[in-house]
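Pasting the structures in now, so scroll down.
Look at the two complexes coming up: chain A is in both, with chain B in one and chain C in the other.
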Partner chain A sequence: MRRFIPHILLAAGAAVMLLPFYWMILTSIRTPAEIFDISLWPVPDRFNGVENYGQAATSVPIARFMLNGVIVCSGILFVQVLTAVPAAYALAKLRFPGRRILMALVIAALCVPMQALALPLFVGLAQANLLNTYFAQMAPFFLSVFAIFLFRQSFRSYPDEIIEAARMDGFSEMEICWGLVLRGSLPSLAAFAIFSVVAHWNDLYWPMIVVSDTALAPPPLGMLLFSDAETGANYGALMAGATMITAPMIVCFVLARRHFIAGITMTGVK
Partner chain B sequence: MTRKSIDLSGIRKSFGQTQVLADIDLQVREGEFLSLVGMSGCGKSTLLRIIAGLEMPDGGQVAIGGNDVTALDPSDRNLAMVFQSYALYPHMTVRQNIATPLRMRTLSLPARLPLVGRLLAPREARNRIAEAVNDAAEMLQIVHLLDRKPAQLSGGQRQRVALARALVRQPAAFLMDEPLSNLDAKLRAHMRDELAALHRRLGATFIYVTHDQVEAMTMSDRIALMIEGRIEQLGTPDELYRTPATLAVARFIGSPTINLLPAEVSPEGRLQVAGIETGLVTEPGPATLGIRAEDIHLAPEGIPARLIRTETHGADRYLTCQLATGDGQTIVLRQGASDPRPAHPQDKVHLRFAEGSAHVFGPDGRRRNHSHHRMVAA
Partner chain C sequence: MTIAIGHTARSRIVTRGLLFALPAILLMAVIYIIPVIVLMGFSLTDYSLGALNWRFVGLQNFVAAFKDPVFLRSLTNTALYAAIVIPAGVFLGLGVALLVHGRKASRGFWETAYFLPVTATLVAMATVWQFLLHPSLGPVNAAIKWFGFDPVSFLGNPALLIPTMALIGVWQILGFNMVLFLAGLTAIPQDLHEAARMDGARNPIDRFLTVTWPMLGPTTLFVVVTTSISAFKVFETVAVLTKGRSGSETLLYALYLEGFEYSNTGYAAALTLIFLAIVLILSIGQTVRMDRKVHY
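And then the complex of A and B:
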């Protein structure tokens, strides 16, 4: 009995975490009349999924929102990796004056919330006439101190002797960094990619500030505009839309789950 | 195979406040197998890394084949290094690992890229590399492993791959940093022979770092024994064994450790141990007498002692004796197993040491000249 107790506790925790998702999916297949029924019975009185999903898919350009989400998330991830990997490599493996101070700054920067920077960033982007662009949605996230920190922790465990062997063989530092060290840390790259993509796919705060054009809206902002303009209080269709935009993230996580967990446990983060 | 001399002059290096190398001068002759030996922390690895270019000296010069390379990058020195952990590239097959030094030297950056590189690398260059890889693999008998990844190899096999990767590019010299220390004892002895054979076959310059005096003694042409960032003595294994320049060298080289007895030299120059005449004559003052285990014998008369332990090691037998006088100094002596069986423990015995076999060191630890006056007569 004793060894089941942890599992029971974990299952209870998982149930709490999964309940909103369950509720979302349940609502997405219910009729408007049944929406406010507090019963969590999985079979609705009348299956309304086709109508709800149909409405979500046709009344708003959901494909457009998703495409926007893909563009923004992949743009952010690409530049984040491009900048964080060399920085992390330098902090983890190169000896230079000021390394400790730079590392301390990275950790300090982890403590600065996005919200604190929102106003100056908004003003800057507005001055540069860049509001309502993909660039405005991506730019504040190009430099990720979290990525630098995560990769640095992971790179530190890469054997120094292999790096030295590579130097003697004539590898450049960039080749060592990308071709050897990052290659040895693919789980942490997978872990970071999931963190980053999920965070920015789901982000509503920043797109709301810099985007007002529906054609540029990422999924959550699109859903918000959708609930306002088109459907009013049609929660069934709204939840159908939410289910559709959440699905890619869930698929993405399930596919990379093993690497994600390896990446987190390996680096000692969390 | 190219072979180059390596000349170090005035090499100094400190890490922070700690000085690890103090003014090292060392000439490694072309084609020589030279070992850098010492305890951990004596600076031998740092010196090797300075030769390799992985570490910059604070002062001094490194020359390879007469050319000053002190300012050159590691890859421009044309040296090959074998690391203690072998340092194979984990994501590459054995074949790719061995080919890497050649690819880096002969192919341009675009031609080294994955996938597209295959189209850009000239066929002829690729063939030459493949041939060289096969030759190296054959020399080290790892042809059957070429398509495996390092993680699928045993320690000894990884060692061979590391050696193949080193020799494939025909370097000016081989640098080895404790390459055998991760192997088990039996394999280590085997690889020792193989390394020595490889050195003979290639005729290349080898610089070999180890803390294991047996490795150094068995393979080297010359040994540089390092202590606290200095070269304490440089010479052939025989020279270090037979004429250690200092007490520290005598203590480091040889197994079992040399017997060291505190001694007193009378004003007339007669050396006494625990009040017993030894028949050695040297400068007056306190001294230390060193005698190797094989230079002491049981005899009908000599220094009185008591046998306290016998250890049999197959062909050899080690006897531990305690001097009858003085403060209970012990002495280890070695016998052949065919020698007459020694007395029983606790029995009284007499020891003598072979003429010309004693080493006398002054209070400064330096070797002292001495002559052999007459044999011990206690």
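And then the complex of A and C:
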């Protein structure tokens, strides 16, 4: 009997952890009438999923929010990798004046949360008339000091001999950086990509500041506007919207659990 | 370097180095350095976005902040939120990690179940919680009534707003802390448990207190620091559930209102610097831990 105690405790805890997900999916396939019955029974009287999801995807543009999320997240990730990889390579393998200062700045910047920079960045973007653009949503994240830090740690272990040999063979420094050294750090790249996409798919603070146009809203901001507008009138569609917004991250997480946990908790090893 | 390289090659590498780091250096200036300087400048003025005139007011914004009932309330609210989330998030995370650590076959399942809230979009999940805790439509109150108690108005009673949001905060961060503790537990050599058993620590609780808990010291410190930093950054749940009504503003939400809703740029800059100071003080523990790894 005693060996079952941990399982019973874990199951009780997991029931609480998973209850919101269960309730969200259950409500998203129920008819408005059944929602008022409050039962945890998994099979709805009448499957209303098509109506609820259809309404969330069309009358509220959840599909549009998700497209915005894809555009913003991929744009951010692309520029982050493009700027962080050469900088990390330079910090790890090249000598140049100011290298120590740059490294010190990277470590100092790691401690500064984005919310502390939001005000001056917002004023700058407002003066430049760039509010309500995809650019404004992405720009503050173009430099990831965390990516520089992580890639530098990873690149340092790449053997100098191979780099020297490649130089002798006439490889350009660009080819060495992107073709050889980065290829040796693909697990770090994968982990960082997950970390970055999850963080920006879920972020509300910055979009709330720079976006007021619904057509440009990323999923969390769209969800907020949706739930404010509905105020309980249609829980089925609201939960269908919540399911659609959380689904991409959850599906990816369940499929690649190890990578996901490594990516999101990477801050733990820094 | 094993192979000697000539002077031209060396200077080539120097230029390459600068060239490679240049995009990052420029972005560092535009995204971090200039904004921090501008922020400090703003905090000494009464500038408000769009206004044509502004004047230098010295430290008046900071003085005003500590007399501002809304800001002070947001500080106490955030402190109360942190006082619930930090101990509950850390100890429940540790408890779950200890239970999951012993599992072999089912470990992946439990990890998934407890980690799911970390990946889920908090804004969407806060909306689900709002529904779960609904006084008449939510299953939580249905269960409370079934046990014969009066329904609890989690999001109606002003005194319960911060504790309710803190519970959602614990729900969200628990899995993250569990994973950090699991990594810490895996790093403890098995021999130490054996040695403790030999020395008479037969009871699992004795072994936990003599081996596991001391060995987890650095991990625990790190978990406490990350949990407190995220507790002080609470924003999404407030934006979804209360919008600061009935005096439930948190630090970041008060800052958001001043800076971006009311456009009191100068005053909001001062609040931002106070927020930054709190986060930096909290991350000192992290830096110390990075510098000299705690050993027992």
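Everything below uses one rule, namely that the second predicted complex is superposed on the first by the 188 of 270 C-alpha atoms of A that agree within 3 Å, B and C clash if a C-alpha of one lies under 4 Å from a C-alpha of the other, contacts with A are read in each partner's own complex, and residues count from 1 in each chain.
Rule of thumb we're sticking to: a residue touches a chain if its C-beta (ideal position, glycine included) is under 8 Å from a C-beta of that chain, and two chains touch if they have at least 3 such contacts.
None of the values given here were measured: they were computed from a predicted structure.
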Task: First, second, both or neither for A:Ser227, with chain B first and chain C second - done: second
Open item on the list: Tell me the contact category for A:Asp169 with respect to chain B and chain C: first, second, both or neither.
Closed with: first
TODO: Examine A:Glu161 and indicate which partner it touches, taking first as chain B and second as chain C; both and neither are also allowed.
DONE: both
TODO: Mind working out whether A:Pro20 is in touch with chain B, chain C, both or neither, as first, second, both or neither?
DONE: second
Open item on the list: Tell me which touches more residues of chain A here: chain C or chain B.
Closed with: C
TODO: Figure out whether A:Pro113 sits in contact with chain B (first) or chain C (second), or with both, or with neither.
DONE: second
Task: Residues of chain A contacting chain B in one complex and chain C in the other - done: 161, 164, 167-168
Open item on the list: Could you list, by residue number, the parts of chain A that touch chain B in their complex?
Closed with: 159, 161-162, 164-171, 180, 183-184
Task: List of chain A residues in touch with chain C within their complex - done: 6-7, 9-10, 13-14, 16-21, 23-24, 27, 35-36, 38, 40, 82-84, 86-87, 89-91, 94-99, 102, 105-106, 109, 111-113, 115-124, 126, 139-140, 142-143, 145, 148, 160-161, 164, 167-168, 173, 177, 198, 201-202, 204-205, 208-209, 219-221, 223-224, 227, 232, 235, 238-239, 241-242, 245-246, 249-250, 253-254, 257, 260-261, 264-265, 267-268, 270
Task: Parts of chain B lying in touch with chain A, wherever the complex brings them together - done: 49, 52-54, 73-75, 79-81, 83-91, 100-101, 104-105
- [ ] Could you please specify the touching residues of chain C with respect to chain A in the complex?
- [x] 1-3, 9, 13-18, 20-21, 23-25, 27-28, 31-36, 38-39, 42, 49, 92, 96, 99-100, 102-103, 106, 108, 110-125, 127-132, 134, 137-139, 142, 171, 174-176, 179-180, 183, 222, 226, 229, 233, 235-236, 239-240, 252, 255-256, 259-260, 265, 268-269, 272, 275-276, 279-280, 283, 286-287, 290
